[in-house]
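When the chains are written out, they are named A, B, C, D and E in that same order, and each has its own residue count from 1.
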């Protein structure tokens, strides 16, 4: 049986149905240490979702024409406005879907013991968050996408508000929500405006229209609209200096929630929608974003250097890492884009491992203050191993995954010299130094030296089987993705190569210095012919839905 | 000598404005209610004036309905006032401020 | 004659209104309002609305105002205190009222020409009498409002009973 | 063009129901339950809704009809509002069946009768094309709500709520009347179609402008648009919760219906005059409503301010072209009714007749004790925020897209920024529901939700969700509902050409 | 031999790492050491076979193996591809040979340590990365090894992680190296941007083919130099190496003397095509090398810790190699690299043996007279001391002399100055090495025999042992740094340690004979062996020089070395008080040297502290606290202010409400009358 057309629907529906079923499952009142039945249920659901998502890489067509989508499902939903139930996957989103589905069981495991009360509420919200996230990755209708986008805010806000760590949680939740909601309100205006202009929410059509400059609007208006999109996404990423919510939200959110808090949703949206619908405008603002990305890298790392609270450190470390992606994708080079997308995967995995480990520490010792720790390495040899592996991956050690991403991003950044100043690449690269500094310092303060104050009072245990189960897949992936990146890159490249600017060999001195690398012609030749033909079919398809609202007015 | 319609209208406007002012200034709820009646009367005068101007009787009928409505309102309003007085033992509007921010 | 009526009863109405405003005892205010209504009745008559003039006296002055006076008596309302519960009423309200008046007058004065003037008895010269026409309209084209008003009165009665009933 | 009882069938049925209930009330001995009367009222309302459906059937077949010498016009628009009002009343009745049992109100039957009468008034408002009829309908609905808001008589707050509503309401009614008078002065008629025709040829346009302003003031009060919203928080706070649910939606819906007809069908010619006013009212309502709610701790007041803001969002829709404005506004009213009534039904269930739960603190941790109700309240709050897949989202969406289409993008941006502020306070309540309780003992007695209330909740939740997932069905109805002026017998034929909607042509160009 | 087996060379140690890393904790020590040795010996054997294979091929060849894609995006590919040429071969020999010996030594030295398995796992990991570095066929693969050895170094320096100083030293090493890597990375990015590839052959052929030598090449070269200064502990990034002595002594021998720290030199030699086209960068290298050599040597003269003396000597010797590369004498640099690997590994291992004998004592002030007590160590170490001091015929003489000679005849304008610095350094080197020799092995014993019997010593060890004893239940022995629990008095090390010493002593003695210069009757085979690698059109020229000059220079340097020995003998054997007196007399100078020119403090005060302050005050405080959070706070506050205002309206008074209605009504009327046409946007 061919699952291809419905697989995406199944992927979204599975956690949704799971959430509903869990909601109907009564809390186990007899269990003393919190009921496990919801955790087990959530684990089963998430594992099944993961299984379903694996269908995608297994059947992905690597030779499909650029800018096309696979596993598409395109059904009419609402006629006015013309909203379609349009799902699809391409090289950009495929691994992100698998990633999201992969992190979910880990999140369930990470919450196994830490969520003691209201387990039902927690796992239901967790699964809803999962639905929203997967929905964002597969939605190809702007409106549908926006629905999932907004939907993703709610479970997260409730998770923070209900399961936050300190008394500050409500404030943090509201801050998170406002930061995310207000810009996405502007995003909605942008979407509506675009709709009023083109009469369609369909991303492929909009993409084709944009590529052929068929969106008839004054350039300034288009730029403003693109900024409305970009700002909404930038806050979610977050891009410096829009990261005001991150610190509090990371500090409060439970491990499973914080794992999916920052990064991939916003970055994916930038890649998919900002770049897709506003290719020219995105390139126009790229120098600014490159600068912000580079500053964000150094800024996050430098502040992480002085933080003693582990969660705050993690927050700024996250800022630094997502800034790498920002820097990469806005170079509009193949290297930068591919590396950026790859780095989204890395950042999520590394962040997940990092937050799981922090959660383990907190579970044992009840504090996130580094000054309370010290000398734990003798007590938790496995934990320190995992910590060091994670930190090394985060610091971009070669043969671990972080390196591949960062390396490509910075190379891409250097390649796109024409777009910006070399200074930004240099500043971005300093992140390599500062990143290693704060991470190693953190390791030292927690694990090395003599026993700290907390470990003296509380005795902890090394990783248990469940915790091993959480961390080993991640550690293994760090290594596999570090040495076998083409497995992932192959799909990503089908997105990155056509999206990038044709390599201009913009560099300062090389025009006369060298013959162009033999690959330049290869990449340049991918995009044009197929695009134009595609455009024709799109525009003919466009006639009917676009015409209706015009007449209605 | 013919009086311009505008004069009637202005007279109505004066009465209407005095009605507003009375609503604002009076403290006794019943008096305030009376000032509303004054405003309604001003409107009625306007209706009649226009009715005269347009040679249309419907304006006058409107006034008739306003009277009926005013009577109904008066019944209900005074009932409300009575029930309020029973609870609060005052008719001073400045003291009716339990509900506020 | 029209102008004389207008001036005399117009001034009387304004005076009554102002008296309502300045009297501190509700009974006095009520009586001032009766003066206003009576004056208006005359003005209605001068504008050719005899039926309304009569109704004004009977319904308004006779019924409604009596109800008012009755309630004033019932609740034994005395002179009102000069409490200072609201500054806004003076700061915003009175200028608002004044501005409303100015704007209304501005409109009426600027449209004075188009509005025309009264013709004494102009309306009365119509073939059908005022009352006939009113009743005709009332039972044909405005039948529904007339009928629906009964619901209104029903509601009012019901409401008055509900609210004024003692037991709860 | 004569008396056509069919045209007023829903109103007729409701009136009769009200009269029946009123008559039956004294027959039941004091102290006995009044639930049968409630059921009677519910049945009546249902019948009225069915009658509206029947009308829809006729209208579908034969097109819009007028009745009673063109004082009323039955078209998809009025039927839409009839159905809406009937549904609101139905839900309110269902929710308040048990409400008065708790409070030992002996004459609850009068409550049911008043609700029926009020609904009749509102229905008349929506189908009237004659301002006199509108006025009468408005008065019926107003007077019943004045009484209903003071229904818990023993309480100081109840009477205060009633008197405030009554005095200020009458004050605003005077303005509304003045507006009608000026309309009459400008055109010589009080029929909407005739006004439209008359304004085209009037020699005194200033009177027409003034009339628009005065009518807007009066209706602005009814829909509680800032700055005419001042009564809203106080009245909502003092009134019984189910009544608030009713009066924050049904009369508003009716008033918006009148506003739509009056502005677009009656004074469409003066679009350029009232559009700025509408924009200012919209912005003021959104901003003031949201700001007022921001630091509010009393839940009912919070929802009151929120309803002010919602009125603002709804007014945003008015800034567009006629068809879009009608569609968006109607949809908004429906969605708003579903979620707001739902929220108040939950409040009714949670806090009971005594309304012990007042401040947000009282709601803290309620999710543990009343999980279902909390979840529903959370859902309605999310809809009020405008989270996708809820009715509130599409309501805002249509409203703002209408503004964008009408060329008022800035209004949409202001609106959306406002809805950002708004989520702060909705979320505060939502977060409170789901945080740890402040005290150990339950703050809400755990009662089983009675069947009628459960039906009411299910209906509102389903409606909110349905409008969020499949808005099309309502939208279809709404889109056909844009009423046109039908030629009327009494309209003075002052001009050969009917009023051209010139402003609209200018827009579509 | 099948060249495809090349990939086995690095992967075998990696397998060893994985085995020991995952299972080692559960395995007995014999298994652990067996695994480690086996997986180190095997690559050594393969290298030997490879050597034979390439030798037998006659003509100079280079091998490369088919590759596995590592990074593949459109237009840019990096493969796991290895390549071998003669330079690689030498490095392979050194790394696997010396590495294997040190592994053997470690089995004895670390026998009683707790983290025995961990140590060998790390050591194998290091071997893996070092071999990747050497075998790499592209910059980025080289960088993999480059970073990887840094990681291994970090882990091994921090081996005694419960000791704060060790943890600190590890972190410092990694971060300072990262600063260097920063340069390396930027260089690579520039290479990609300009050449589109990072493969050595492709980049170098493009450079060779291009007629220009531009600023961009100089920039790339200088950035690479920054990388090299980090890894090879040169000014300004040498500061980590002395601290790295916190690690176990075999680690110092293998990583921080013989192999890893020479990676910078290897890299410069590997990229000579690039550097040849960037003469400015070469000059910078030469100057850095000379300056580092001198600076480190001066510091080395006053150190008391035996391992620190050796550390500074390492820095100094690495400076020599840099100098050699800087003047274009790559083969001389590599030659010294090789001999240095022999004798410095020997010196460290011997020093380890001394420390072992003294149960962990490292301070030379409490040594002395050990000559008789640990004869094997003494004799083998003597070979190393002579070699490093450049006494003929020990290996160091040939390589060092070659460097000095090449420098002297270089066409670099600074050549003579550089040569002179090198010469002075040579004198200083023989001085401080013989100072070490005399203080350790001659004179009267200054240690306390009783203290040693407890297995404890002075210094930090005491704290550390007691610390660990409190919570380390598995601690069979509370001993570190190689001192054994059975150490009752000073004793010679076991055979497993002395045999590697002896082998290395032989190598340190005769290792230089492969490069006897023509002036001394040799053929300088070493240089010829490497000629095919370093043949380059753009290589810096050398002045034509006669054999006489070469001979004379050799004599001069030899004399300098003897002068150093003489002074050392004078100070520490003849009149042991002289040094102390001099130190008192020139207290300022002594203090400067003793505090290593205050470089650490300067870095701390002027770079690290300002950076942290910048981060704390400006970034965290002002930008994050002030602007980012402040904007949100201001918005919130203004909204709340608005909320307060709106609620003020709601006074509860009906008259006020009516007031609002009235003014609102007036406003509405005014707007309708005067405000035509709504606002548009």
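Basically, contacts are C-beta pairs under 8 Å (C-beta built on N, C-alpha and C of every residue); 3 or more make two chains touch, one makes a residue touch a chain.
Nothing here was measured: the structure is a model prediction, and the numbers come from that model.
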Quiz item: Chains in contact with chain B and with chain C: which ones?
Solution: D, E
Quiz prompt | Pair of chains whose C-beta contact count is the highest in the structure | solution = B-C
Quiz item: Nearest chain to the global Cα centroid?
Solution: A
Quiz prompt | Distance between the centres, which are taken as Cα means, of chain D and chain B, whole angstrom | solution = 26
Quiz item: Centre to centre, by mean C-alpha position, how many angstrom separate chain C and chain D?
Solution: 30
Quiz item: How many Å are there between the centre of chain C and the centre of chain E, using C-alpha atoms for each centre?
Solution: 101
Quiz item: CA centre of chain A versus CA centre of chain B: separation in Å?
Solution: 64
Practice problem: Spell out, as numbers or ranges, the residues of chain E touching 2 or more other chains. | Solution: 647, 649-656, 658-665, 669, 673
Practice problem: Could you list which residues of chain D touch at least two other chains? | Solution: 132, 136, 139, 143, 146-147, 150, 153-154, 162-164, 167, 171, 185, 206, 209-210, 233-234, 292, 296, 409, 421
Quiz prompt | Interchain contacts, given as pairs of chains that touch | solution = A-D, A-E, B-C, B-D, B-E, C-D, C-E, D-E
Quiz item: Quick one: in the complex, what on chain D touches chain A?
Solution: 321, 323-324, 367-368, 382, 385, 387-389, 393, 397, 400-401, 404-405, 409, 412-413, 416-417, 419-421, 423-424, 427-428, 430-432, 434-435, 470-472, 475, 479, 508
Quiz item: Which positions of chain C touch chain D when the two form their complex?
Solution: 103-104, 107, 110-111, 114-115, 140-145, 148-149, 151-152, 154-156, 158-159, 161-163, 165, 167-168
Quiz prompt | Complex interface listing, chain A residues touching chain D | solution = 78-81, 118, 121, 146-151, 153-154, 157-158, 161-162, 169-170, 173-174, 177-178, 181-182, 185-186, 188-189, 192-193, 195-196, 552-553
Quiz prompt | Residue numbers on chain E that touch chain B, as the complex places them | solution = 647-648, 650-655, 658-659, 662
Quiz item: Which positions of chain C touch chain E when the two form their complex?
Solution: 85-97, 99-100, 103-104, 106-107
